[in-house]
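Consider the two complexes below, in which chain A is the common component and chain B and chain C are the respective partners.
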Partner chain A sequence: MNRTLPQSILLYTTLVVVICILLFPVYWMVITSLAPSNALRSFPPQFWPQNPQWQTYTNLIFNTDMPRWLMNSALVAVVATGISMLVSVLAAYSLSRYTMKGGEAVGLFILMSKMLPATMLIIPLFGIFRNLGLMGSLWSLIIAHATAIVPFATWMLKGYFDSIPQELEQAAQVDGCTPWGALFRVILPVSAPGLAATALYGFVLSWADYLYARTFLANAAGNWTANVGIATFKGEYQTDWNVIMAASLLAALPIMIAYLFLQRYLVGGLTAGAGK
Partner chain B sequence: MAEIQIQNLNKSYGAFHALKDMSLHIADGEFVVFVGPSGCGKSTALKILAGLEAASTGRIMIGGEDVTDLAPGKRDIAMVFQNYALYPHLTVRQNIGFGLKMRGATKKEIDERVERAAQALEITDFLERRPRALSGGQRQRVALGRAIVREPRLFLMDEPLSNLDAALRVQMRAEITALQRRIGTTTIYVTHDQTEAMTMADRIVIMRKGVVQQIGSPDELFNHPANIFVAGFIGSPAMNFIRGTVIDERGSLAVDAGGFRLPISVDLAAAASAYVGKEIICGIRPESLELAAAGQPALEVVPSLIESLGNEAYVHFRMPGRQFAVAVAGEHEHEASSSGTLIARLFDGDRPQAGQTVRLGLKANSSVHLFDPATEKAIS
Partner chain C sequence: MSELSQSRTAVAAPRRSSGLFGIDLASPKHANKLGYLLLAPAALLILAILVYPMLLAIDISFHDVKFATLSFGASEYTLANYQKLFSSPDFWNAIRVTGQLLLVVTTISMAVGMGTALLVNQQFRGRSFARMLIALPWAIPEVVAVVTWVWILDASFGVLNWILIKIGLVGGPVSWFSSPGTAFSAVTMVMVWKGYPFISIMILAGLQSIPEEYYQAAKVDGANVFQRFFWVTIPCIAPVLGVTLILTVLWVFRDFSIIYVLTGGGPVGATETLAIMTYEEAFNFFRMGYASSIGVVTLIICAVISAFLVKKTSHAIY
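Coming up: the complex of A and B.
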């Protein structure tokens, strides 16, 4: 579509304004993390600190448990996402391809469990983990996150599998694949964009969790995740906002990297060319 | 290559009987086309043959081996799908070689056979491309390549040309037929297009509502249709059906359709004699009609539409007076193909003007088909 000049100006101005609004908090985090802690409430505000305090970052990395917390967060997010994907792929595929008695009810039940608020699930989960002796263990968090990721991931993937023509698996079966072979050799590679988007969703959900981590890991400082750890920088009498902002940026970094890495899969259209 | 035996094949989905007692013997190297309107069971039959659906009852033998309960990959068949079903994440080379790889062929063997298939189909230039970078016709060739590369015992083709434009369809039709004749693999081809069936098949199996209506060569089906459905389905434009009464005119039988007198040929006379004085349905091919010469028995009609195709014209008209035309299920089961309108196919020189009264007569030596109105079966 050809736009007139005024239309283009309006469009790009709107885009720039929206992007500025979206990026402002990130920018504010960056300059807060680099400013000396006593300069935070100075007026007029500085739009770039005169002496950027890079040592805030080096301190965080070398003199606190931040690297360990990040590792814990990564471990939990990767394992929870991995387990969830394994379960969801199989559940979504069977819901998409096989008609079974009560299949629809199962699908609705999964969807309904997604609607339950996390705060409602936390009490039964607490009881279960305490009885299983998992309190303070990273497994408690992995299982809790998986229960939150699986329902959503199953529905997301079911929608994706529904859009893939069944003839692809049929062709694979005629070519000599078993139904499992057709799933792993054809359907999953073709579903890469859907899998990537779903995995990223699961990863972000797990990475961003504070509620479950705070509840299940409170008394196990060695197993804290980044979000629980960062919260401890807020003291009763004094809060180092620059340290909190620097830590938050470090915690946000893996998500940004994950987005960059998965970006090429997130654009759809890989199934183009399968059919007519 | 192998001969195929289909024995009493049935398929039901709950109360719906999709395929009813299909039995068929296909000779080694034969090209058989299953044709019929949507929902006639032809694709169901093909899927059962491929092993993609289980038969409710019945048996399938390929090359003397009972494959009824074998998985698709173990039947040594290849299938070309309507939407091609190419693997979008693989290159053309990988797509064609996929089946060989699954069967444990060596890389060298795969490469050699893929090259050979690609040369046969003239797709060597696209081997490193992915399906999305190919046109419809090229995708179709890749799908064929994937089928021929394994040298299976049986080819199954499920409406492989229906996604192509008209010109390409005609070209690919000829290419598939030539390819099949060259490699000689037994082939079952499903289509709803009677022209494809007529031009490609050694034998046609025409189906309706899960039941085989007639099995025969294209000529047999065209010249000796077993019932009204087959007569109306095979041939384009479709056969005209007119209601009439059998009369005996001093020993020679004819049909009187509202004053239009249609002679009954000698070979049908014995069978038709049982219907003297009774109602009957006559089938007349559009090309059997011509502009009547003066004095020749003729039907006077006013054409409602004249479609000119250059060297020929389709003249649409209605029977005058009573409603004699018989509506017959056509390509789409729920629609009647001849909703009371009849067609005459006139060639050069026989070109009437629209709005003008036209006298149509039956060409000499052209046959009139007779059908029993109750059973719809051919009288012969």
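Coming up: the complex of A and C.
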């Protein structure tokens, strides 16, 4: 594409302005977290910290429950995603490759379940978990998150498997692979980007949850996730915005880093699931 | 297609047949058994953690269930919850708020998503970096986004008030969360900020799938930028737009975290959507049966909207 100089300048200016506006909250989170607390109650606000206060972070890491909450978030997200991926990969492969009685119905239900309001689902889950004595335990959260991840992952992976030609397994079987072998040694390695993107999305879904965590873990502060902790910080330290912003940044960081690495696959994966 | 693959499998299979439970899964006779076997774990899990709870919720909505008794068939069936719901002004208020939010948030975030997608679809140096930055808010957890915005919108020391006063848009600091109109705007701002990146990602992927030749052909025919946008771009990405619209609508309809942490549904119910009302009734007032009936109504509305949109957008494609 050939562009004249004024056109290029216009394009880049628009880009910079748009990105600055849209990412301002992220910038503001970083700047606030480094500001000394007295600077937060001054007008005009400081747009660049004159002397960054790194001890806000060390304080948060060594003197609060924040690291523990982050660990809980990570633990729940990894286990919930792991279990969900295990069953979803098999189900998605089955839905993609086999024509079975009832298979279509299962596929349709999975799609429909995306419509279930979580605020409704949480009512029976609350009763069930209480009867099972799971209230306050991280398992309640893992199961609740699987209700969202399994349908999503199955649908997204089905789209991915659909895009892989069947000839690949047939070739593998001609070479002596069993159907299992064809799935594990040929199809799964080929769909590694799709698997990674799906798992990342599952991790994000779990990590971002607030509804289930605040309801099931309300009376078990030791098991809180990062999001519950931050929402509580907001109530407790109402004016210590540097502390709240530092905690927020720590909670956002894992997802942001994962996003940077897997962004291109994520785009491919999302569209694979959506094209159907 | 499946016949073809089965006959090919038949030729291929007999070489090595390890089998599971003594069944030779590679043979065409049992090919579908493997399919069922692979599907079974997910089907059982979904049955246990989605279907059963959903049926339980529907059952609860027909009972007078309080906090203490939460099991199947606890008491007599009754329509009392639904009668109470449809005669409650709070319910109609929640319907109105949800509808308004749906309209405003969906429109603005679709516009921002479309605009940003078109922008980073241009060819320029550093394009992939720009694409990454544009969709970055996608990677910020909702609670974190809300807490950050609460600070930005702070009445006394918030940076937005400072900017607005500096530009001269407002005379004095706006107390965002104390009046219905500004609280609704605050919810809209945060939801748009969290919602547009997904839309942008989806539309960008749609734009990339349009063959360059279409635009060249349109140019040859003398179409200007706007004509090319309305007659080439829009029809080509209509399916993607449809799916994106449905997913965005469903998200706004059911989102809990953003509104709950930002305003808690207030002031005076100005931001109380059906999702917030369901949660409040269930876990603040412990009226589980009543809350479930709101959930069931939400579910039905969601299903109707999606069915309608699916129909609409599939018309738009052909």
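Couple of notes before you dig in:
Criterion: the second predicted complex is superposed on the first by the 244 of 276 C-alpha atoms of A that agree within 3 Å, B and C clash if a C-alpha of one lies under 4 Å from a C-alpha of the other, contacts with A are read in each partner's own complex, and residues count from 1 in each chain.
One rule holds for everything that comes next: contacts are C-beta pairs under 8 Å (C-beta built on N, C-alpha and C of every residue); 3 or more make two chains touch, one makes a residue touch a chain.
For clarity, every value in this text was computed on a predicted model and none was experimentally measured.
Of the two partner chains, chain B is the only one that A:Pro189 touches; chain C does not reach it.
Of the two partner chains placed by the overlay, neither chain B nor chain C lies in contact with A:Ala105.
When both complexes are overlaid on chain A, the residue A:Leu5 reaches neither chain B nor chain C.
With both structures placed on the common chain, the touch criterion links A:Ile21 to neither chain B nor chain C. When the two complexes are overlaid on their common chain A, residue A:Val174 makes contact with chain B and with chain C alike.
The larger set of touched chain A residues comes from C, when the choice is between chain B and chain C. Chain A residues 170, 173-174, 176-178, 270-271, 274-275 lie at the interface with chain B in one structure and with chain C in the other.
Of all the residues in chain A, the ones that touch chain B in their complex are 165, 167-168, 170-178, 181, 186, 189-190, 192, 269-276.
Remark: chain B residues 50-52, 71-73, 77-79, 81-89, 98-99, 102-103, 130-134, 136, 139, 146, 150, 163 touch chain A in the complex. Only residues 1, 8, 11-12, 14-15, 18-19, 22-23, 25-26, 28-29, 32, 40-45, 86-88, 90-91, 93-95, 97-100, 103, 106, 109-110, 112-128, 130-131, 143-144, 146-147, 150-151, 154, 166, 170, 173-174, 176-180, 204, 207-208, 210-211, 215, 226-227, 230-231, 233-234, 241, 244-245, 248-249, 251-252, 255-256, 258-260, 263-264, 266-268, 270-271, 274-275 of chain A touch chain C when the two sit together in their complex. Residues 1-2, 5, 8-9, 11-13, 15-18, 20, 25-26, 31-32, 34-39, 41-43, 45-46, 49-54, 56-57, 60, 70-71, 115-116, 119-120, 122-124, 128, 130-145, 147-152, 154, 156-157, 159, 162, 193, 196, 198, 201-202, 204-206, 239-240, 243-244, 247, 250, 253-254, 256-257, 260-261, 274-276, 278-279, 282-283, 288, 291-292, 294-296, 298-299, 302-303, 306 of chain C touch chain A in their complex.
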